[in-house]
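Contents: one structure, followed by commentary.
When the chains are written out, they are named A, B, C, D, E, F, G and H in that same order, and each has its own residue count from 1.
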Amino acid sequence: MSRFEFLNGNEALAWGVKLAKPGVIAAYPITPQTIAVEKIAEFVQDGLLDSIYLHVESEHSAMACSIGASATGVRTFTATSSQGLLYMAECLPYASGARLPIVMMNANRAMATPWNIYGDQMDVMYVLNSGWIQLFAENAQEALDMVIQSFKLAEDSEVMAPVMINLDGFVLTHTYEKVNIPEQELVDSFLPPMQLQSHMMNAQHPTSVCISAGNAHNMEFKLKQHLDLLNAIAVFSRISKEFGNFFGRYHGGAVEGYYYSDADVLLVTVGSIAGTVKEVVDAMRKEGHSVGLLKLRMVRPFPVKQLAEACKNAIAVGVLDKNISFGYEGTIYTNVNSALLQSGVFVKTQNFIGGLGGRDIPKKEIRSMFKVLLDNLEEKKVRFHNLRCT
Amino acid sequence: MYEIRWHGRGGQGSFTGAKLLGTAAAIYDNRFAQAFPSFGPERRGAPVLGFNRIANQPINDRSEIEQCDTIIILDDTLMSDSYLEDLKENAKILLNSTKEYFNKKIISIDATSLAQKILGKPITNTAMLGLFAALNKDIVTHNACIMAINSSIKNAIAQMNIELFIAAYKIGEDITNEKF
Amino acid sequence: MKNFRMSPVPEFSKIEDIPLGASCKAFHITEKNASWRIKRPVINQDKCVDCYRCYLLCPDGAIHREAARNFLIDYDFCKGCGICAFECKARAISMVKETLV
Amino acid sequence: MEKLNARNITEDEYFYGHKACGGCGESLALRLALKVLGEDAFLSLPAGCMSAVSFIYPNMAFKNNAIITPFAAAAAVATGVEAGLRALGKEKPLSVVFAGDGGTADIGIQALSGAIARGEKFVYICTDNEAYMNTGIQKSGLTPYGAATTTTPAGKVIGGNTSNKKNMFEIVAAHNISYAATASIGYPEDFLQKVKKAKEIEGPAYIHVYTPCPTGWGTETNCTIALAKEVVDTGLWPLLEYCNGEYNLSKHISTFTSVREHLKKQGRFKHLGEKDFNYLEKQRDIQWKRILKLTNN
Amino acid sequence: MSRFEFLNGNEALAWGVKLAKPGVIAAYPITPQTIAVEKIAEFVQDGLLDSIYLHVESEHSAMACSIGASATGVRTFTATSSQGLLYMAECLPYASGARLPIVMMNANRAMATPWNIYGDQMDVMYVLNSGWIQLFAENAQEALDMVIQSFKLAEDSEVMAPVMINLDGFVLTHTYEKVNIPEQELVDSFLPPMQLQSHMMNAQHPTSVCISAGNAHNMEFKLKQHLDLLNAIAVFSRISKEFGNFFGRYHGGAVEGYYYSDADVLLVTVGSIAGTVKEVVDAMRKEGHSVGLLKLRMVRPFPVKQLAEACKNAIAVGVLDKNISFGYEGTIYTNVNSALLQSGVFVKTQNFIGGLGGRDIPKKEIRSMFKVLLDNLEEKKVRFHNLRCT
Amino acid sequence: MEKLNARNITEDEYFYGHKACGGCGESLALRLALKVLGEDAFLSLPAGCMSAVSFIYPNMAFKNNAIITPFAAAAAVATGVEAGLRALGKEKPLSVVFAGDGGTADIGIQALSGAIARGEKFVYICTDNEAYMNTGIQKSGLTPYGAATTTTPAGKVIGGNTSNKKNMFEIVAAHNISYAATASIGYPEDFLQKVKKAKEIEGPAYIHVYTPCPTGWGTETNCTIALAKEVVDTGLWPLLEYCNGEYNLSKHISTFTSVREHLKKQGRFKHLGEKDFNYLEKQRDIQWKRILKLTNN
Amino acid sequence: MYEIRWHGRGGQGSFTGAKLLGTAAAIYDNRFAQAFPSFGPERRGAPVLGFNRIANQPINDRSEIEQCDTIIILDDTLMSDSYLEDLKENAKILLNSTKEYFNKKIISIDATSLAQKILGKPITNTAMLGLFAALNKDIVTHNACIMAINSSIKNAIAQMNIELFIAAYKIGEDITNEKF
Amino acid sequence: MKNFRMSPVPEFSKIEDIPLGASCKAFHITEKNASWRIKRPVINQDKCVDCYRCYLLCPDGAIHREAARNFLIDYDFCKGCGICAFECKARAISMVKETLV
């Protein structure tokens, strides 16, 4: 029977991995991901998870090992964060171009320099183009569930792409909460073993993998990859519902709204900060403000339609970014604006930057964001929050 | 929403105290709880913090805790008067100290001596948990704490910690009965 | 190579034709290398002492044995590097200009 | 057991129709090694000439399962392949790397060193042509002293490469690897035999094989094998083994042939003078002193 | 006296480097960048350039060496491409956070897998967030000139940030053209030697560099970096004009328009393809079509105002991207859309994807893009061009 | 010349107010080394405990110019610094790396190997605490056999680390480096002396110093030096030098002290049994045989 | 816009031919020119291409050249009939061959023999350049070509290449005079 | 450390206060480590034989020599690890509980 444990986001994720039974795990430690891989290593050394755990020498090697393993048709997991994510960056489009259904956890953390181990989301924004499906978990339960959903999504024949599960560093990875651990049998029937695909190595039918394709062929490979990745929006929505039916928990599809359908002003964001926003929405709704939240669970593929649909009646849309593209604005803001413009949703928008380098985003700051959206949109579109300096 | 802050030194189990309390409330009292450490690179020996939120509904808020319902300090060398400003109304600091404090804001016990006696080590988290539980029966139950210690701490020392918890809980009950 | 079979150039006009994931069937050869050659190695079978050396050392594996004392060159894949001729101790192989062949 | 030679290895080809330059030494090393490794070997090749000429869609030159790896990651991918196959229940999978000198000694050394240290079974064959050839003959960590490359040209002030060739064989041996060896395609039977040992040994194995590159060295395409033999005879490239913690000399050389004659045949060395030749000879002599000691000779 | 040579983009760039006299050059070869570093190495080995050339073992080390050198206050240059750019990705925000005015050439090339050495612009799009100024050259002359301008820009005290100069692989790096080589003395007076800055290592005043800043301080470091990077738009415009006065060549500021001010439809793009677009604009203008080109020379910081200003009277704006963010659209398109929406320029836009993996973009395809903009904007916003498959 | 000791080294401190755990071995190694290297040394530290505890804005613990480097890039940054200073006209600049075992032997080995091969002058000091401590005691390539770490816990099925410690000293020596040595803070004078040699030699120098970590090893904070001495006396950590191609034994040990007594003091080894101890002793004996041969003893 | 395609084998100098022509036109005739190789990973020995564009105005177009004004083929084993379709109207293929072609579409010389005689090597790019220059005096001048060879090729062999160029140019002039 | 001077905590309220480029003046120490200590090393100067060992081996450099035969501990930076006491052959240093001091 399923049961409850008091786990942090990392541990919950590790439980998800244990239940998904990957055959190979290759990982390199980096704060704030470490607890996840330590827990997985413990499962392995205790004989509770029958996987090969490779203690690799770097993140580049972690992803390279994962590519090698996945190319033989075995379910493969890895995890990293920030400096590690960028150290393996070369291998990310490598894996996705080869259509290898690897699942990776990324514990979102600030990038050096200055060095900082706290959680912001600068790291993942570098790799949005990489052909990986990008999912963001809000809490520990969703982290566990998302691992199971992600393998199913990655291995789906309409999708066949690697998945990155983003967990906000510390605020999610290190925060303990009550988490339900599903039964192994149920997971097994929801997520059957991975099938050897024709594009992988095969003792019976030898295959050349990660080949080159010159200017006469390359563009079509990329097109196919793009089109299949777009399928992930619908497939994820289907899998999420199916998961709900199996396990009684539904976290939403590519987007999750909270008091959004009738809201005058909407705040769009990703990851664990959505929780705090919900509390502010509750409070402000009680005070009679027409505010709402739109949480993107999936950022690649980008759910243009769902976003445009949700925003089309809003008077103003704010985007809370825990990242900054230096010399421009928050990256989610850029993505949202593009979706709105191309969908003909000509709404006013405003960008709020918070949480860089682990800076707290207190409720009063979120409240002030909603205030800006309700009262006075600014000329300067990029607004930094909770600064210590003026 | 009940909010708690723990003060200790890296490697001395202050965060374990917060985890035990969270486990007790969330798993064994069947409510909702968060426990999280001060996020940072602090080394063994350096002053560190732990936090709890406890509520009857799922907890979505992940911002830092500013005002506390209780502050628990594992070692009085870590005490600072400025902490009084971080208390909500009617909130208290629970302090491990050989000196006695019994005022509206600060309550102390000599948890180190108690721990030395029962565990043979100056590890005071379960003792302070006992004190807290005794003073906050509406927040966490005696039984839930014992079950949390049992399930979270390695067998060999779980029993001794339960003993320590009970001893401190008793002192706490005495305080409630006598002093208020 | 003995019994070697070329593969046809695959279709590439519909999205379904495109291989999934930067992959391809192994040993899938659609193109010969004959056009690389400026000179062509020619074995004088009479001089050949069956030492296997040309076969062993051809980087393109373009020399194979068909029957005893008989090494053949696959001119579809020989690039004309001249190693076989240079290394043949019996001087049984000569390099002949392609245009003169 | 019978030593391997042209007559007793398989007639099958596992590497065919590739687009390497005519007379390419590396491609011969691969062709020969595969005849010993067989078709069950799973191949990992990092970026480099050999991967560049063998996987150009739709022309695939390997009969085996094979994967191109990121340039830095050959050994990591190969151990991933090995682990994957093991996880799928295959017994004693044979995972093999073919990597160039740059992919091995420079950018690839982190992955190689880590994989050896993990102790997993794989065979790593470094085909050494002493420069980054695939990108156009740039200096690598295995480019010998004096050689002109496109990044160390024979300039007016600095003449060729000023640093010494890394000793990958001893570096790998210092990892206490199960098996390591040097070889040369100029001594093909010795190479075949070493590939066999590498295949059969438990744990990681490494072979460093000398493979001249006519394009990069400025030599005739037909001299590849001759140069690869000569370099051994000059003493510049000793044939060695490391096995069970012991060093072994595979080929004793009583009198070295001339270093300068050998180098003068190669365009990349044509700017060198007597001082350079003497330096290189002296380096060789120091090396042999150490080798003879290591191998108890 | 200045003189003309017949050089390809790589060689022209190498000449720019020679004239700018960096003290340290650290680079790792990768097609199609190699010719540039080979030429520089030749200058050094021939004694024509008095620099230390470090033959490093990887791109990560190339950038790390550059960081070390630049941190001592010496002018530093490096170059890379594609796989190499992503292999060093971790070091890019590292250098920019430390405010080190390194200049790097990136020869734009496709990313594996499938492997491909041809030119598209997928590589640079990964690192737009990295705090580097991103410039794109159209031709060999601009490449040479841009090196000189870039060092001046990077070292400007209002900016103090690293610069990446993007050259389209092959179509620019390997194409020979007539190039004017300015006089050394003139360059010396335009670009004086680099000054040792207070944030660098200093024998007299020892400094801690690339330090860490926790959640109490980090966000302000990032804010400062962002604000200073924004200055680069105005400073670059100033420097470009100054360069024009010095050398008699002006290539534009952050943007360069071509028949754009009165155009009904505008095509926005970056890099060398702008040249071909100009030819098409010429031809179509002759035919009476109101078409124009807007070339972004600078993509970070992003010239929001300049772009919005240029597009505000257009009926439709197209963006030609030589990249695809899998599961979304071309990245320049995303950036342009955001700028337009937030500026209140509610114009219809369309994305054209071309040139992936080196696929040719012939004039007739560009013509068809303009046709789409003039006649029939599509529902599907992302349109692939010159495909072989349907 | 007088050997260095506590009395004749400078009284100045160059490393102060850092946030390392009480009793940290690495921090002592840095403090001592800097007293020999002096304030003109330019320091490069990769990610790791020592950089994490010394540059927390606004607390800077080094008196010297110092830079944190990307984890993989210590040696690359250091040679960049050296080149930069040279380009600016400084004569014989002293560029120094302090890196942990993980930053050296795993992720950092590519940069280290490349920098040594380039032959540039720099001093690389690897402070070995046998795990990734900064991130919470994960196994590195230098974690010894049997040790429990957070990624190789003493589990029910697998007990601690199953692979052997990389021999970085011999790997570096195989690069034919100008100077290499092992040291231990348990023998501080020997260490000081070696730092001096490393500083003075032409070309690259490498010192691998054993630095216990009470937090990661499960030992009392006051035993750090005692353990670092004991490990040498057990023979598990021989003190060696490599200079001008010759190996040298810095400290002869006539009778080894007990390996098991030594290991039993450390929490990380408390799950080991006789079989493990015997294995480790045997490994030690094999190692010494090789060492004695290498050093002509 | 005059557009040219060169056919040769990797390592045999076909692209050097294109570079020389471009240098001559752009630098010494003071016009504008592009020269670019077939972009790709082709090895020594493999068939490769080179391209030129020549014009009186700066050349912005960077797309591939589809239809050519001249196709120059350094070795007749590389000739294919399909190339005829890549010619613009009135355009020609210049072919190095021992066989003689003198029709509207194809003109040949035996450049290999000429090169063997003058250079002692079968490197035919400067010979084919000579032929081209003779047939296209409005595109590039004799002098400009000689200056381009002089400045681009190493001293030792520049002189011989100039000789070869001149010899081929003569043949080309003869062809123009005689055959048309 | 002899003559050691702490640095003031820098201002951080205006954008100009923020250091340029992840940098800071070297040897810039604004915070003491005294609060880390649970036990305090106390030197019995009478027992001390001036062997320098405690000074040599303190990882925090918190012991310095002020005058002949006189080693002093900088309690602002001593973390109380106990190495000095453990390593003092003369047993001149004892570790005393902080709360009892």
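Here is the rule we use: a residue touches a chain if its C-beta (ideal position, glycine included) is under 8 Å from a C-beta of that chain, and two chains touch if they have at least 3 such contacts.
Just so you know, these numbers come straight off a predicted model, no measurement behind them.
Peer 1: If you check the contacts of subunit C and subunit F, which chains show up for both?
Peer 2: A, D, E
Peer 1: By number of C-beta pairs in contact, which chain pair leads?
Peer 2: Looking at every pair of chains, the most contacts join A-E.
Peer 1: Could you tell me the distance, in whole angstrom, between the mean C-alpha positions of subunit B and subunit E?
Peer 2: Going by mean C-alpha positions, subunit B sits 56 Å from subunit E.
Peer 1: Please tell me the distance, in whole Å, between the geometric centres of subunit G and subunit H computed from their C-alpha atoms.
Peer 2: 79
Peer 1: Using Cα averages as centroids, what's the distance between subunit A and subunit B in whole Å?
Peer 2: About 34 Å, centre to centre.
Peer 1: Hey, what residues on subunit H touch two or more of the other chains?
Peer 2: 12, 15, 18-19, 21-22, 24-28, 36-37, 79-80
Peer 1: At which residue positions does subunit G touch at least two other chains?
Peer 2: Residues 39-41, 45-46.
Peer 1: Mind pulling the subunit D residues that touch 2 or more other chains?
Peer 2: 19-22, 51-52, 55-58, 60, 62-66, 68, 70, 72, 106-107, 109-110, 113-114, 117-118, 134, 141, 163, 214
Peer 1: Taking the complex as given, what residues does subunit E use to touch subunit F?
Peer 2: Touching subunit F: residues 23-24, 26, 51-52, 54-58, 60-62, 64-74, 76, 90-91, 94, 201-203, 206-214, 217 of subunit E.
Peer 1: Could you pull out which subunit H residues touch subunit A in their complex?
Peer 2: 12-15, 17-18, 21-22
Peer 1: Going by the contact rule set out above, which residues of subunit A touch subunit E in the complex?
Peer 2: 60, 83, 86-87, 89-90, 92-94, 96-98, 110-116, 118, 122, 125-131, 133, 210-223, 225-226, 229-230, 232, 300-302, 304, 323-329, 331, 333-335, 337-338, 340-342, 346, 349, 355-360, 381, 384, 386-389
Peer 1: Touching subunit F in the complex: which residues of subunit H?
Peer 2: 1-2, 4, 7, 9-10, 19, 24-33, 36-37, 52-53, 55-61, 64-65, 77, 79-83, 85-87
Peer 1: Can you list the subunit G residues touching subunit E in their complex?
Peer 2: 19, 22-23, 26-27, 32-37, 39-41, 59-64, 66, 148
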